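Below: the structure, in structure tokens.
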Amino acid sequence: MAKWDPCSRSSAFKQPHWKQIQFTDQKQEFNKRPTKTALRSLSRSISQSSADSFSSACSDSSEEEATPREKSQSSSSSLSDFCIKNIKQAAFGRREIEIAQQEMPALMVLRKRAGGEKPLAGAKVVGCTHITAQTAVLIETLSVLGAQCRWAACNIFSTQNAVAAALAERGTSVFAWRGESEDDFWWCIDQCVAAETWQPNMILDDGGDLTHWIYKKYPSLFRKIRGIVEESVTGIFRLYQLSKAGRLCVPAMNVNDSVTKQKFDNLYCCKESILDGLKRTTDVMFGGKQVVVCGYGEVGKGCCAALKALGTVVHVTEVDPICALQACMDGFRVVKLSEVLRQADMVITCTGNKNVVIREHLDKMKNGCIVCNMGHSSVEIDLESLRTAELRWQRVRPQVDHVIWPDGKRIVLLAEGRLLNLSCSTVPSLVLSITATTQALALIELYSAPEGRYKQDVYLLPKKMDEFVASLHLPTFEAHLTELTEEQAKYLGISKHGPFKPNYYRY
Amino acid sequence: MAKWDPCSRSSAFKQPHWKQIQFTDQKQEFNKRPTKTALRSLSRSISQSSADSFSSACSDSSEEEATPREKSQSSSSSLSDFCIKNIKQAAFGRREIEIAQQEMPALMVLRKRAGGEKPLAGAKVVGCTHITAQTAVLIETLSVLGAQCRWAACNIFSTQNAVAAALAERGTSVFAWRGESEDDFWWCIDQCVAAETWQPNMILDDGGDLTHWIYKKYPSLFRKIRGIVEESVTGIFRLYQLSKAGRLCVPAMNVNDSVTKQKFDNLYCCKESILDGLKRTTDVMFGGKQVVVCGYGEVGKGCCAALKALGTVVHVTEVDPICALQACMDGFRVVKLSEVLRQADMVITCTGNKNVVIREHLDKMKNGCIVCNMGHSSVEIDLESLRTAELRWQRVRPQVDHVIWPDGKRIVLLAEGRLLNLSCSTVPSLVLSITATTQALALIELYSAPEGRYKQDVYLLPKKMDEFVASLHLPTFEAHLTELTEEQAKYLGISKHGPFKPNYYRY
Amino acid sequence: MAKWDPCSRSSAFKQPHWKQIQFTDQKQEFNKRPTKTALRSLSRSISQSSADSFSSACSDSSEEEATPREKSQSSSSSLSDFCIKNIKQAAFGRREIEIAQQEMPALMVLRKRAGGEKPLAGAKVVGCTHITAQTAVLIETLSVLGAQCRWAACNIFSTQNAVAAALAERGTSVFAWRGESEDDFWWCIDQCVAAETWQPNMILDDGGDLTHWIYKKYPSLFRKIRGIVEESVTGIFRLYQLSKAGRLCVPAMNVNDSVTKQKFDNLYCCKESILDGLKRTTDVMFGGKQVVVCGYGEVGKGCCAALKALGTVVHVTEVDPICALQACMDGFRVVKLSEVLRQADMVITCTGNKNVVIREHLDKMKNGCIVCNMGHSSVEIDLESLRTAELRWQRVRPQVDHVIWPDGKRIVLLAEGRLLNLSCSTVPSLVLSITATTQALALIELYSAPEGRYKQDVYLLPKKMDEFVASLHLPTFEAHLTELTEEQAKYLGISKHGPFKPNYYRY
Amino acid sequence: MAKWDPCSRSSAFKQPHWKQIQFTDQKQEFNKRPTKTALRSLSRSISQSSADSFSSACSDSSEEEATPREKSQSSSSSLSDFCIKNIKQAAFGRREIEIAQQEMPALMVLRKRAGGEKPLAGAKVVGCTHITAQTAVLIETLSVLGAQCRWAACNIFSTQNAVAAALAERGTSVFAWRGESEDDFWWCIDQCVAAETWQPNMILDDGGDLTHWIYKKYPSLFRKIRGIVEESVTGIFRLYQLSKAGRLCVPAMNVNDSVTKQKFDNLYCCKESILDGLKRTTDVMFGGKQVVVCGYGEVGKGCCAALKALGTVVHVTEVDPICALQACMDGFRVVKLSEVLRQADMVITCTGNKNVVIREHLDKMKNGCIVCNMGHSSVEIDLESLRTAELRWQRVRPQVDHVIWPDGKRIVLLAEGRLLNLSCSTVPSLVLSITATTQALALIELYSAPEGRYKQDVYLLPKKMDEFVASLHLPTFEAHLTELTEEQAKYLGISKHGPFKPNYYRY
């Protein structure tokens, strides 16, 4: 069942959750896996580590206490339109948010630049995302821009309780806590929508559950809704399905496939997290090791570049001759997996495909070979084939299993084949910042677009806004953009202020 | 005029040429470029080095002799339907072709694979390209595949006479020699078309002159012509203009913009030629030097990667925030040119724009600063501003001028601002091979496509053929492609044999 | 005190320790470092991760129980000449040792190659090192080679209790447990020496405490002792002092300064651990960040290479013009710290000097700047200057402090200025293996050298043995050495079997 | 016979020359090849390209005219104590010298700094080096520092005539021209020494010929000579031989083995020239090619780093396990040549050994494989084995031969196995500047050292002066050195002004 949402977050969380909440009549829709297009567009934007570091810093030791739904709490300004774990954690959560603000300067600039004119004045945004310090910065930015916000969690395990408390304390109506039950999950969403008392006019969704709920329960709300902003591969897949079926009744913005977000989610982020994920789990020394990277798309390119730079000998497998030729030109041998298996110290999958590493391969690997997945879901490595009687599994550390062959050979399997960069590394704030800024701009665009610009369809963020997201992040690097002269702009036949490239430009 | 595709090459010299054939009074345009220098300003797809090695090995010392049009020559098998410099050079030219064959294995494989079935049987191809050992391999490949070929040169200076001789000796009707007059140029094209006796049904053009000539003189031929394959930016621009104007009367294939060709012409080729061009002209030591690269498109990315690897400190200027952000993530400071001018040892333009380096910049540069251009034409550096009375020009080596300020400061200007990689470096055979293979496949596709597949429009090479071009070059690198299983192909929703990516995929 | 070898590690924590055994009133020195933090400050040659994984897997929840000195325990073969925490942990410790064996193939090869001839037959080795799975492999290798071994811990916090148990169970007389008191520490050493009953003839020391103890208490033992093998900077310093003073009465082998060990401890190890240490503590994204690396020795070279490869902009500070010129040629700007402070996102010290980053610098750094130390001790950053009333310290994660200026500016200080790579990263097994192999060979060399080869002085490992250590690690990488022909060896004037380079060769 | 001076200059020049001029009684001394030590220390400091570019710019078309010895010439100030080709070329040569001055700022700084105090006042320097623009800058620097200079060429082919003219015009007594006969060669040296009228007190030699001549002819001069500065491997070898034999009667300075010079001559210079040399000769595209680099010393390290960065797949062969382990850690497979021969596109020797590539290897290489040498002399590739009847040699370009097997296979042999970087690339000015500065400082040191500091032996340049050479080149890179505080210097136990490292430091 996980396959329709393979990777937009740690499937550890998502899988049980989803199984519980799905409506039975949707089974077959979700059984279809996303098309090729969607497949490539993997969201990688949840910061696992932030959640982790938070939880260690602020341990919810009293998780056993009464469910928040039964608690009566109010903020220091006597607001009580929220439901969270413990309002008393607000100060701690606020500090986390303040730290996150420093790492998300683009949103802070948006507050300043657009703040005066309140581009979201009148907007009533209902949101459903992970609730972390970073999304808190987004939510409060929307408020500064004029929006009213009500928010639920898109995942039953990922909420940072102190952050939720801080949001509530400042007046956001949050309904979320770590460890919701399935029933809690939908109850929270329902509270957010507040169909009878509030009536949202914008949706910000991550995974499509919120959208789904409104479709099911309050379809009439769509008469007032101006648009949906969706970030996840899964949610977008569902929107395209709705659109195809002629059932999408408002414009929707696909923020997942904007250039900036894609490059950061895949190439730049994975370039760093492959090293980090491997080190944290195995402490392996890279120098001199032989690695096979399966797949030379953006993720594979990032992994190969980083590993090569750290002194590994990298081999690449590819099915696409164009990508294979790129691998050659970048200095990697392109091989079949079986050719180099016996000498590989690590095998890393980044194909977006299934059963790329199968039992036959695993049988031939040498003792101690590390196997992990940076691709789109847990299916790249055929785990089922390893769950057999003759093989012994030994958990040696969190996220690290030794699978032991009868002759004593050990294969080191990371994160049970789930995404290494989400399970064992972190998503840097900059990547989260780019996603959040893209979401904010998409909301503004949909909310303020003149009527008729967007129809009942799924849209990509206009290139100019994509460029704007990028430009908002340049000050972080003290980067100074050159401005076109009138003469130059004319020569190029473009506006001085962009967009600067045709849509088909490859970057 | 360049605005529609600023990043492509060759328009620099193509453009004037093109203008000329529209306006008869531009004879002097040709006369402006009679030096050896101009000779080197060929399309990215002409191997300067081959030409050089050839010319030095086989010096045309008797260039002054009678024009080929007045000579009567025949091949050893008594053919005389050609017009070239000297049929006696055939043996030497054949050796050059044989060497080129080794560097263009993809075409040789095409001969073997497709040769049996003669996919071009019945094709009558009239061609107009540079005539070099590499294009000879293409032409003879077309013959092996079943085509009849007649060929003219697209440039009055680039013909390798011995190669033309070798082609003629083996039976190709070639009409070309180095140093044609303008009149010769059109006479040769006219001889190729042979409208009254032969009547071509396919056109392979590089620059659009041949196409133009047929449009002007023999429009009725288009009734039998199945398609045009065009490689140059200029030619493609013209085809799009014709198409827009509703005057394109056959399908045309734009081979310039296929993925493989673009990556090789820009990223991979420039990555190597920036180093080569700088070394050959200036012998500069890269280590520790400070460089400003203007523009971070494919060409800029290639230049920056190479220079960084060789130990220079690279600064980047950009107008596009997305590219600027990429430069940041790749480890380059993004600055305005004026910020770093005084410390720069080299300034390299790769923007596709005009007046990127202007007199004001040049005035501030330090003594000895090297200035050169890897972008699309000679306009990136404002040369006119340097041709003033107070500045002294000194030619210190071929392609190297010192521009001397009154205070003695010297700026080292390379190739008079023309493309460094064409003027002072070489185009590797692999790049030429990719172009030629793409041209051959485009011809086959257009010639053998079922009726109705292509209309009177300009097309990109189908992605599958782009992938095929790539795959034909993999054996050069002993690269082994992995094949999808049926199950995997089904999972991805694609054919086992490709195309593997959606059209918008960025590579 | 550190001046004689500024670039070596470990002196940070060794130094106080050393002072302590000279002056009895320094008990509190030990007490100053009882935190977990201190625990991590081990020699470069202790694998923190192994320790951690161990401790988490096998929690010593009953640390409060009676001291081992009061417990009576015996192994399954009824041996009881040891003193450890709990013999029942032996099975668990054995597994750890077995895993370590796989990562230390060189020692396993030594067992096989030299095993038959027992080169250490008759050797009675008293050792004092960290007691971890890796040193256990060393100790048991010595036993296989013929030696009798008695072992104590060189650090009161670093002993892996289960490993000690496994050693005892197999018959090694170990006296060590995690959390020894100072009195315990010396008692354990004394038990090892077993001066009255056993009388060692070889010493393997790490830090010089064992050597010191024998000098103080049992000087007469030196009549039978054939040599000392010492690994630590501190210990070696002391040996040189003894030698200078004419008081060194046996030969000593300095294994710290062999080429292989140095390159791995500094260049190769730090190249990886700088990235790892920064990621684990701060999750920082490297791409586009500006970093100042203070010092371009081996450690600095490693840090710079890794950071550059991951897309940071690196600036270098240096005092030595030769190293500065190397930095230039490798593509780094050489600056004074004050020049780039305001734009730096990270400042990393690797100089081996003191007060490299002082309060004046810290005052000018920008908000969020990360400051850490990869150099030789905690003195590189002037921490004292930060412990003032107006600055607030906030511990945000283990090993991460925010130092907060009155205006809210936060500096992110890692590991309180101690070695980042030891505190926040791990030492790869390969590095530990090289050290252990070097120690084993040094023991063999000293033990079996013909009389007169070594006098009462401090020696470097013969280059040939250094080469042997390297050669034993080549199979890990499936590296195949080329052998000189007789003719070639003669031409070079060297033996076919090495040594291959003169002593002054720089590698 | 060339083996005693394998590479200090293009052996093309040297070989015939040497054969002619050797004294018969030295045959056996020279037949001995240098020791291992000397072997490593290869001088690479002649700028071939400078010579080439010069000669093309200023063609000596009238080489057939009368020998300079018969010409009577005088400078514009009526001096005539010189013998050169043509004094009229002085202006042209002066321009060349002026350009070179800009590239050798360290010498210009020396002029300024030391100029006032004339440290060489009274020095009478007789020199014998290549006579190029760069050495002219050195010679004229010595004059500014107070020395009288008389100069001859160390090579009969390398003199830049116009530069010699410019020197003469300004008053240096030069005796040199391109194309000297053997008799001319010794005649020029003899004129320089001017034993009866002038009597030098310092010798600056490159190759040892000048030193040799004085030993033979005017041994009594040594009574006044304060020292010899020698740059070449060969010359140093001869000096060590003299010293060993007790026949060295003045101190000699070995400037070849100073740290700075070695790093630049080998690592940094070769890193750039391997790419340059390959491109200029073969136009090969690097991306995706497989390369075997034989030897991983400084030269091999430089070659490997550059080739890897440009996208080749690099394999390394090594005999020394330490270097082999370094290659592993840097990410290169270490193989035996025979393992990868069949897939190699290029084989590059950098071992300093003989017969590294032998006929057996060459027989197995694939068609088109490029073979070249970056090592110490022409013996690395066994050329003799290729000069057999069944193989055909074809010169396809200058410095490029195709060796053709009976089956048509072609091996591309560069520079007939001589040093690629000298034969087909250039030595950057920075490298020449470092050498020249080192020579100047060595002269000053020897000339001004208090009596007794140097005995009749061969010395390395003091580390402090080595550091000074480096520091003089830092301004070129706008590099800013950090200065030690008194406190820091004390902590490190060194002087604030260096030397900063112990002698054994590896850099």
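Per-chain numbering from 1; labels A, B, C and D assigned in written order.
Quick note on the criterion: a contact is a pair of C-beta atoms (placed from the backbone, for glycine too) under 8 Å apart; a residue touches a chain by one contact, two chains touch by 3 or more.
Computed from a prediction, not measured in an experiment: that's the story for all the values here.
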{"item": "Most distant chain from chain D by Cα centroid", "value": "A"}
{"item": "More contacts between chains, C-D or B-D", "value": "C-D"}
{"item": "Chain centre separation in whole Å, for chain D relative to chain C (CA means)", "value": "43"}
{"item": "Averaged-CA centre spacing for the pair chain D and chain B, given as whole angstrom", "value": "40"}
{"item": "Two or more partner chains touched - positions in chain C", "value": "268, 287-288, 310-311, 328-329, 333, 477-479"}
{"item": "Chain B partner contacts - residues on chain A that touch it in the complex", "value": "33, 35-37, 39-40, 259-260, 262-264, 268, 298, 317-329, 333-337, 339, 352-356, 466-468, 470-471, 473-474, 477-485, 487-488, 491-494, 498, 500-501, 504, 506-507"}
{"item": "In the complex, chain A residues that touch chain D", "value": "287-288, 308, 310-313, 328-333"}
{"item": "Residue numbers on chain B that touch chain D, as the complex places them", "value": "47, 49-50, 53, 56-57, 102, 268-269, 271-272, 275-276, 279-280, 283-290, 306, 309-311, 343, 367-368, 396-397, 425-426, 428-431, 476-479"}
